[in-house]
Each structure stands twice: as structure tokens, then as C-alpha cells.
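Note that chain A is present in both complexes that follow, paired respectively with chain B and with chain C.
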Partner chain A sequence: MIRPELVCPAGTPAGLRTAVEAGADTVYCGFQNATNARNFPGLNFTPQEMERAVGHAHDRGTKVLLALNTFPPAGKFDLWRDAAALGAEMGVDAFIVADIGVADHIAREHPGARLHLSVQAAASSPEAIRYYCREFGVKRVVLPRILTVPEIEALAAEIPCEIETFIFGNHGLMVEGRCSLTNYVTGLSTNMDGVCSPAADVHYDRDTEGTMTTRLRDVTIDRFGCAETAGYPTICKGRYHAPHREDGYYAFEEPVSLNLAKLLPSLMGAGVHAFKIEGRQRSRAYVRKVVGAFRRAVDDVMAGETPALDDLVALTEGRKQTEGAFKTKKWR
Partner chain B sequence: MTDVPTHDSGGAHAATGWAPPLPLFLLQPVLARVVRRVASRYPELLERLGPVRGARFLIDPRGLPFTLLLKPDPDALLLRACPRGRPPAHDALIAGRFLDLLELVDAAEDGDALFFSRELTITGDTEAVVTLRNALDNVEGSVAATVAGMFGPPGRAALAALRRAARRGTPEAQP
Partner chain C sequence: MSRKLTLGPIPFHWPAETKRDFYARIADEAPVDEVYLGEVICSKRAPFFERAYAAVADRLERGGKRVILSSLSEVMTKRERQMMAGLCEVDDREIEINNNSGLLHVSGRTHRIGPMMNVYNERTLAVLHVRGATHFALPVEMPGHAVARIGQAAAAAGAGLEVQVFGRASLAVSARCYHARAHGRTKDNCQFVCEDDPDGMPLTTLAGEPFLRINGIQTLSQSCVNLLGDLDDVAASGVTHYRLVPQDTDMLAVVGVFRDVLDGRATGAEGAARMDALDIAAPFSNGFWHARPGAHHVRTAR
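Let's turn to the complex of A and B:
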């Protein structure tokens, strides 16, 4: 059985140090601009912070992956080119890319660099993955969260690269890297500006009875009664009225988080090389608890023991968790 | 500015609808010292706030008989206690249990989790609140301990008692 790499999020330098301390094998992070898909205010790394963070991680035997997982608009490629040059100079261990132009640039200009294919590339078929491996030398694919464990096992036999799967965090099943819902409402693009539901356009209103209304610009996403748990203010997790439906319903996805703690042994048996924890936008408290829990769980499985799984439900969106498509395609 | 009502949910005399006037003027110089100390001890905090340093945050620690107005502008730092029921002009409101807010300041609690469970309320300028949350989360060391340390052993003892109460989650957790 392969000992899987635990790939953990870091939204800030302090978050990176927390992830390293909690047992991350690898940490992924991004610069403070549109080159990564968590371009949120107050988040991410300046070049100086990134350089120090890479040094800190490497001194402790932890790898650093640089997320360059957005799609450069025409005429704005310099930002991605400069970020790649900085990452190469700092000695990051791999670039996480989604766009074929970015992949091609790094493959040509930084030939020694290791490339991981982001989930944002939405590559889930052997043909698509083999294309990226052949053309750009991609060494690992981060799979979209749409495949069952047996499908992942079958895929592993047909591709010449490593597989990384999400095991905890946001459960977004839109065709990743193609979702334009935020763009439709705000004019900003999740895939090119790196921001889904930009905070500047999010509004929360609370009435005297404690009901909270969530809006993205002028679109009401959800309304939570005072006793209801809440979710993220993203359109895909919204509850809407529709013809032939008496009440509001979750038209796309429900506010729920992925938690594959119980599937770790079968994923490891299926040949998954790396487990990814989502959440660069989350706090150090989240990183400490989630990374620590999965560190212990992975080590237990490798030791042939039944993993002691911490209860992480308090950290999940809407306080609900699912094994999603990994367990069954009928998960909804 | 956002016209946001404060949530007058935890005053000691909420049940009777009457509260004696609080001598908040006694608190103001202490709070001014506190915010100056935190700003000088953690310069990276203000730096990461970037363009939202001029935002006015109204912090509503439910269970305390007053709210706090924070403006983290390095050129005009402000932390002031305000009477409940008379909210000053502000850009964003952050409301939650006092001890939860204390844990958030020290990155010991996850803000999203508190939001999901509805224990944390945000209204007004969401971008300013998200930026503040991320900037605070990048602070290593304990802001609360720094503040408590300003008041010597009694301050540290009070903080330790609050944290014990927070861990127990008992009614004692309400100051």
C-alpha cells in the first residue's frame, strides 16, 4: 500500500506553520493576486512571505506546492508568468496548474519544475489526463469530486501519473474550472479573477426574529431561520423558489462538506497517492484540527490499525458532511 | 456607512429592560492603551488589513453591557466602548458570545464554523470583516494574552479563568 501524502491548505504564513506543525507532508498556498483560486481579501502570501514559508517548510521536511490554478485572460499573462518565475526561484516543490497555457509556459521555461494538474482543469477521463501528461509532463492529477472509489481504482490503472483526491472540505460538484455563476451575478470570474462570491458583493441581513438573509449583489441566495445552520454565500449552495415546488430548495448543491475519513483505507487501496484537505480560506484552528485528525488517521491505517476518527462535523458547512460521489453516485 | 441595528441581547438587565448608566468614560483610556499596544506588538496585523484599515467595526460581545467600536487605522487608532442601544456609525457589525470572540481573536476558534452554527453574526461590509478575520488569523502568539499582560498578574489570572470557562462552555463562561 502506498503511504499517501497529506496535502494541506495554508492561507497565510501562520497557517502554513500551523499545517507543518500539525503533520502536513505537503502544504499548498498562493500569492496575493488572481493567479490562484482563493484570491480573497487579507489572504495569501507576498513574495517575501512565500520565500520565508518555503524555507520554513523545507527545513522541516515539508513540501510546498504553489497554486497557479486560475485561467489567465488574454493580454494578462504576465501575472502568471511572473508568479511561475518567483515560485521556481524560491524552489517550490510543484506548481498546481489548470490552464494549458500556464502548463505549457512552465514546462518550457522551467523544465525541471514538477506540475500537478488542478481540480480546476476538471480532467477525469484517462484520455484527458494522458493528454496533460504527454503534452506538459504532468506528474499528478487532482481528481474532480465526481468519481466513486472503484472508478478511481480503474482510472489509476490507465494513467501514467499520480492521483490526488480531496478528502475533506468544500464539496463543490460543478464542472470545476467552468463555473460561471459568480461571473453571471458580479462580473468577476471565479476562474480568471480567482474569487467565488467576492466578499465585497456578499451581504448578510438579519431581522428582529433572527432570520438571516444571504445575498450576492441583488440575488438572494438563502434565508436561514434562527434555528437553522448556515452555509457559504455561493450561488451553487443557494436555496431557490422554482415552479412546481412549494418551498425553496437547493437547486444545485446543498451546504454540506466532504468528509472521507471512513473511506481512507479503500482510497489507499485504490492507489491514491495524495489526500487533499480543502480550505485555504479557513482559519488556523481549522487547519490544526483537520490536519491533526487526518495525520493520525492516515498513520493508523498505515500501521494496520483502525483509524481513530475525530469528530469534525463542527467544522463542516451547514454542520453536515457527506462522502458524496466517492461512496455512491446516488449520494443526493 | 451601514445602518445596522445592534443586537442588544445580553445586557445584565435585559430582563427588566432597565440598566443603570455605565461609567464607560472610565474604560475609554484603558481601551485606547489596549489598541495602541496591540498595534505596536503586531504590526503585521495592520499591514495585512490593507485598504480596510479605515473601516469602523462595531463589535458586539453578547453578554457584555456595552459594545466596542474599532477603527484599525494606524494613523487614527480607535477602540471605544459604546452604550448598548445607541450604536455609533459603523461599516460592519460582528456579534457573538464574548468568549467566542476572544477565541477568534487568538485563532483558537474557526470563524466559519461559528458562522455556520449561527453563533457569529455579521452584517454590513463583509469584505472588511473577512479581511480582519484573515489578518487576525495570521497573528501568531496570543493577542488576548498580550492585552491581559498589560494588567499584570490580575489580568493574566482573569484571562486564564475566562479560557477555562470557555473550554467548559458552562454558564460561568458568561462574564
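Let's turn to the complex of A and C:
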């Protein structure tokens, strides 16, 4: 069995140090601009912070991946080019890319740099993955969260690169890198600006009877009674009316978190090289807890012991969780 | 510069007979230059019309239209992979690739790049162009200022550049079928409920506002993209092909209006009045083009 790399979120310098302490093999992070898909206020790294963070991680034997996983619109390519140059200079261990132009640029201008294909590239078949490997020398693919474990195992035999899968965190519903829902409502693009449901456009309104309405700009995403906890308004997690439904319903998916704790051993058996934990926007406490728990679980499986999976399941703290598409095709 | 009017693939699961009649009228009566044929959304729908394509394509070509065969946008299952590989072997007609799996097959051979392919910048265009892409349909969310920049690169490469100027915008695709989900089914036992909604299944917010349209695995805008008032800007950006995406409305009339305005036989104002008279059951939008929320409609001087 391959010893899988635990790839952990680092939204801030402090978050990076926390993930390293908690046992991350690898952390991933981005600069404070549109070059990465978590371009949120208060998140990410200045060039100086990034340089120090890379040094800190490398001193402790932890790798650093730089997310350059958005799509530069024509006329703005320089921002991505400069970010790649900075990353190369700082010695990041790999670049996570989605755009064909960005992949080609790094492959040519920074030969020897390691490329990982972001989930935002939506490479969901052996042919798609092989294309990126052949043309740009991609060494690892981050798989879309739509494949079952047997499908991942079959895929592993057909591609010449490593596989990274998400195992925990926010659960995207749409094909990532192919969603313009946020732009339709807010004028900011997930692909070009790196934002999904931007906080500046989010509103929580409570009426006199205590009902909470959540909105993204002028669009109502959901409503909650006094006893319910209002979720963050993301279009694909909202409730809507449809002709064949009596009440408002989650047209796309219940608001759930992905948690593949119970599938860890089978994913390791399927030939997955790296497990990714989502959540660069989450707190240090969350990172410490989740990374620490998965660190122990992976080590237990490698040692031939039964991991304490219940601890991992409990991490979602009462929130609904799902094994998504990984468990069964019926999810589709 | 050439101003070619194109008809995109039908996104919806219309009955075979409806599709046949639709294309017969397009072939005989619609002044479009090019027609894209193919099931782009769902591989399960493909068998219903697969055998009809050859005759439809012939008829369109007899009507003076160039026919391009469009691929699926989602490719994951064995069947979908086979469909993509099969399409890429076609050598008597042009093909449009809508999923990156197709790129592996067509490298070095002439092909078109579809609007689901995320060509956002000059560098991506150049990489694909040297590998055989001769024509690029841009993502529907591309703002006009970026189209103008990529337009220079397309012109320098001698490549065609296409923008959607009419029809609901494709906002997202998924591995999951939301039509089936609305009916308590899954993709595998969907019973083709999507056929009941020739213009997509409306999703309305809890506040009662029409918001989106579900078409199987695809989520479309409630609003209908209409760049009729922006055509001069679109042309100045280096766009050579103007795409109309079919929906359940009088598409022949829509084609007629765009043709007349593109050819200077009608002013933008006259065209807009004719579009309003068509009573299309959706508000018009051009927000993406103006780098505003996609649902917005920005009034433009005509």
C-alpha cells in the first residue's frame, strides 16, 4: 500500500503553522488575489508571508503547494505569470493549476516545476487526465468529487500520474471550474475572480416573526425558522420551488459536508496517493482538530491497525455529512 | 470582417419528431450560416436522435448551412468516453469539442473548441490553436473587455471566434441529474422526465422570483441572453460568429431579427422592438458582456 500524503489547507500563515504542527505532510495555499479559487478577504498570503511560510514548512519536512487554480481572463495573464514566478523563486514544491494557458506557461518558463491538476480543471476521465500529463507534464490530478471508489481504482490503472482525492470538508455540487452561478447573481466569477458566494454580497435578514432569510445580493437562497441554524447562502445549497414539489426543497443537494473517514482504507487500497482536506477559510481550531484526527487515522491504517473512525465521523459536530458520490452511483 | 450567424446545439430533450421538424424548418427557412448538431448535455438522451443526425445534417447542408457536430460536455462513464472517441473519428464534418477528454483524441487535427471549454485567455487559445483548434466559442460569462483582448489573438491566428448572443445561459453542469432529483429519482432511473420541460424546469426562489432553469445535469439562467443591442461592440471585439442557442420559442423569428440587424437591413432599435414583440417568456440579459451580474440587462445606446 502506498503511504498517502495528507494534504491540508493553509488559509493564513498561522493556519499553515497549525496544519504543520498537526501532522500535515503537505499544505496548500495561495496569494491574496484572483490567482486562486479562495480569493476571500482576510485570507491567503502576501509574497513575504509566503516566503517565510515555505521556509517554516520546509524546515519541518512539510511540502508546500501553491494554488494557481483559476482562469486568467484575457488581458490579465500577467497576474498569474507573476505569481508563478514568485512561487518558483520561493521553491514551492508544486503548482496546482486549472487553466491550460497557465499550465503551459509554467511547463515552459519553469521547467522542472511540478504541476498538479486542480479539481477546477474538471478532468473526470482517463483521456482528459492523460491529455494534461502528455502536454504539460502534470504529475498529479486532483479528482472531481463525482467518482465512486471502484471508479477511482479503475482510473488509477489508466493514467500515468498520481491521484489526489478530497476526503473532508465543503462539498461542491457542480462540476468545479464549470460554474457561473455566482457570476450570474453578483458579477464576480468563480473561474476568473476566485470567488464563490462572496461575503460582501451575503445578507441575513430576520423578520418580526423570527424567520431568517438568507440572500446573495438580491436573490433569496433560503429561509430558516427560529429553531434552525441558517447556513451560508450558496446558490447550489439553497432551497427553491419547482412545479412538481409542494414545498421549497434543496434542488441540488442538502447542505452537507463531505466526510470519507469510513472509506479511508478502501481509498488507500484503490491507489490514491494523496488525501486532501478542504477548508482554507476555516479556523485554526478546525484545522488542528481535523488534520490531527486524519493524521492518526492514516498512520493507523499504515500500521495495520484499525483507525478510530468514529472520532473522524464526529468531527462534523452534528452537521449532516455525506460520502457523496464516492460510495454509490445512486448519488447521481 | 465576416459576420456568421450560427445555431448552437439544442440543449433540451425535445422529442425526436420535434427536433426533426425544427431542423427541417431551419434548413429550409432560416438564414443561419452554420448549425451545431449533437447531444451536449446527457449521454442517456443520445440514442433517441442518434440515427436521425445523418439525414438532418444532409438536409441542412442542402439548405446551404455548414454543419458542425458537437460533443458531450460531461464525459465520465464508459459509454460517454466511447461517444467522445467516436465523434473524434468523424472526418467528413467539422467537430466541436465540449469536454477536455476530446483534446487527447484530436491533437494535430482540425477541430473547434466549444463554449464549455474554458478558453478565457490568449495563451490558452494559442496552446489549443497549435494543436489543431481553428475556432473558439467563448464561455458565456466572458466580459466584453476580455473578449476584445482574446479577439486580437484569434485574428492573428486566423481562428474563428464565437460568442453566444441569444438564449438562456448555461451556468453550471453536474454529475447529478437535477431533473431526476426533483422527481425523487436518480440519473439511472430518470425515465427521461426532462422531456416534459422543453424550456427547462423553472426553479423559483422562496420569495417567489423565477431564478434558474434545470435541464437534466445542466443549470441554465432564467434570463435569456440577448446581445442585439451590443452587436457593434461584439463585432468590434473581433467576434466572427454569433451563436443563437435554441429554446422553446419562435427561433425562426429570432434568427430573422439577428440576421437583419447583422446585415444592416434593420437598425438595433427596430430589431429590439421585433424581439420584444416575440413575447419570449424570459427577461433579456446582457450583464455578462458588460462585466455586471449575468442576469442584469444594461441598456445600450442604439
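Observations, loosely collected:
Keep this in mind: the second predicted complex is superposed on the first by the 316 of 332 C-alpha atoms of A that agree within 3 Å, B and C clash if a C-alpha of one lies under 4 Å from a C-alpha of the other, contacts with A are read in each partner's own complex, and residues count from 1 in each chain.
Everything below uses one rule, namely that a residue touches a chain if its C-beta (ideal position, glycine included) is under 8 Å from a C-beta of that chain, and two chains touch if they have at least 3 such contacts.
Values in this document were obtained by computation on a predicted structure and should not be read as measured data.
In the overlay built on the shared chain, the residue A:203 is in contact with chain B alone; chain C does not reach it.
Once chain A of one complex is fitted onto chain A of the other, the partner contacts of A:184 are limited to chain C, with no touch recorded for chain B.
Look at A:40: by the touch rule set out above, it reaches chain B but stays clear of chain C. When chain A is checked against chain B and against chain C, the one touching more of its residues turns out to be C. Once chain A of one complex is fitted onto chain A of the other, the partner contacts of A:86 are absent, as it touches neither chain B nor chain C. Once the two complexes are overlaid on the shared chain, A:330 sits against chain C while remaining clear of chain B. When the two structures are aligned on the shared chain, A:124 is found in touch with chain C, with no touch to chain B.
Per the touch definition, chain A reaches chain C in the complex via residues 71-77, 98-102, 104-105, 121-128, 130-132, 134-135, 144, 146-147, 173-175, 177-181, 183-187, 189, 191-192, 213, 217, 219-223, 236, 238-245, 248-249, 251-253, 325, 329-332.
The touching residues of chain A, counted against chain B in their complex, run 11-15, 17, 40-43, 198-200, 202-206, 212, 224, 226-232, 255, 281-286, 289, 314-319. Those residues of chain B whose C-beta lies close enough to touch chain A in the complex are 7, 48-50, 52, 103, 107-113, 115-118, 121-123, 126-127, 129-135, 137-140.
Those residues of chain C lying in contact with chain A across their complex are 73-76, 80-81, 84-85, 99-105, 107, 116, 118-128, 131, 139-143, 145-150, 153, 169-178, 181-183, 186-188, 201-209, 211-212, 214, 219, 221, 287-288, 291-296.
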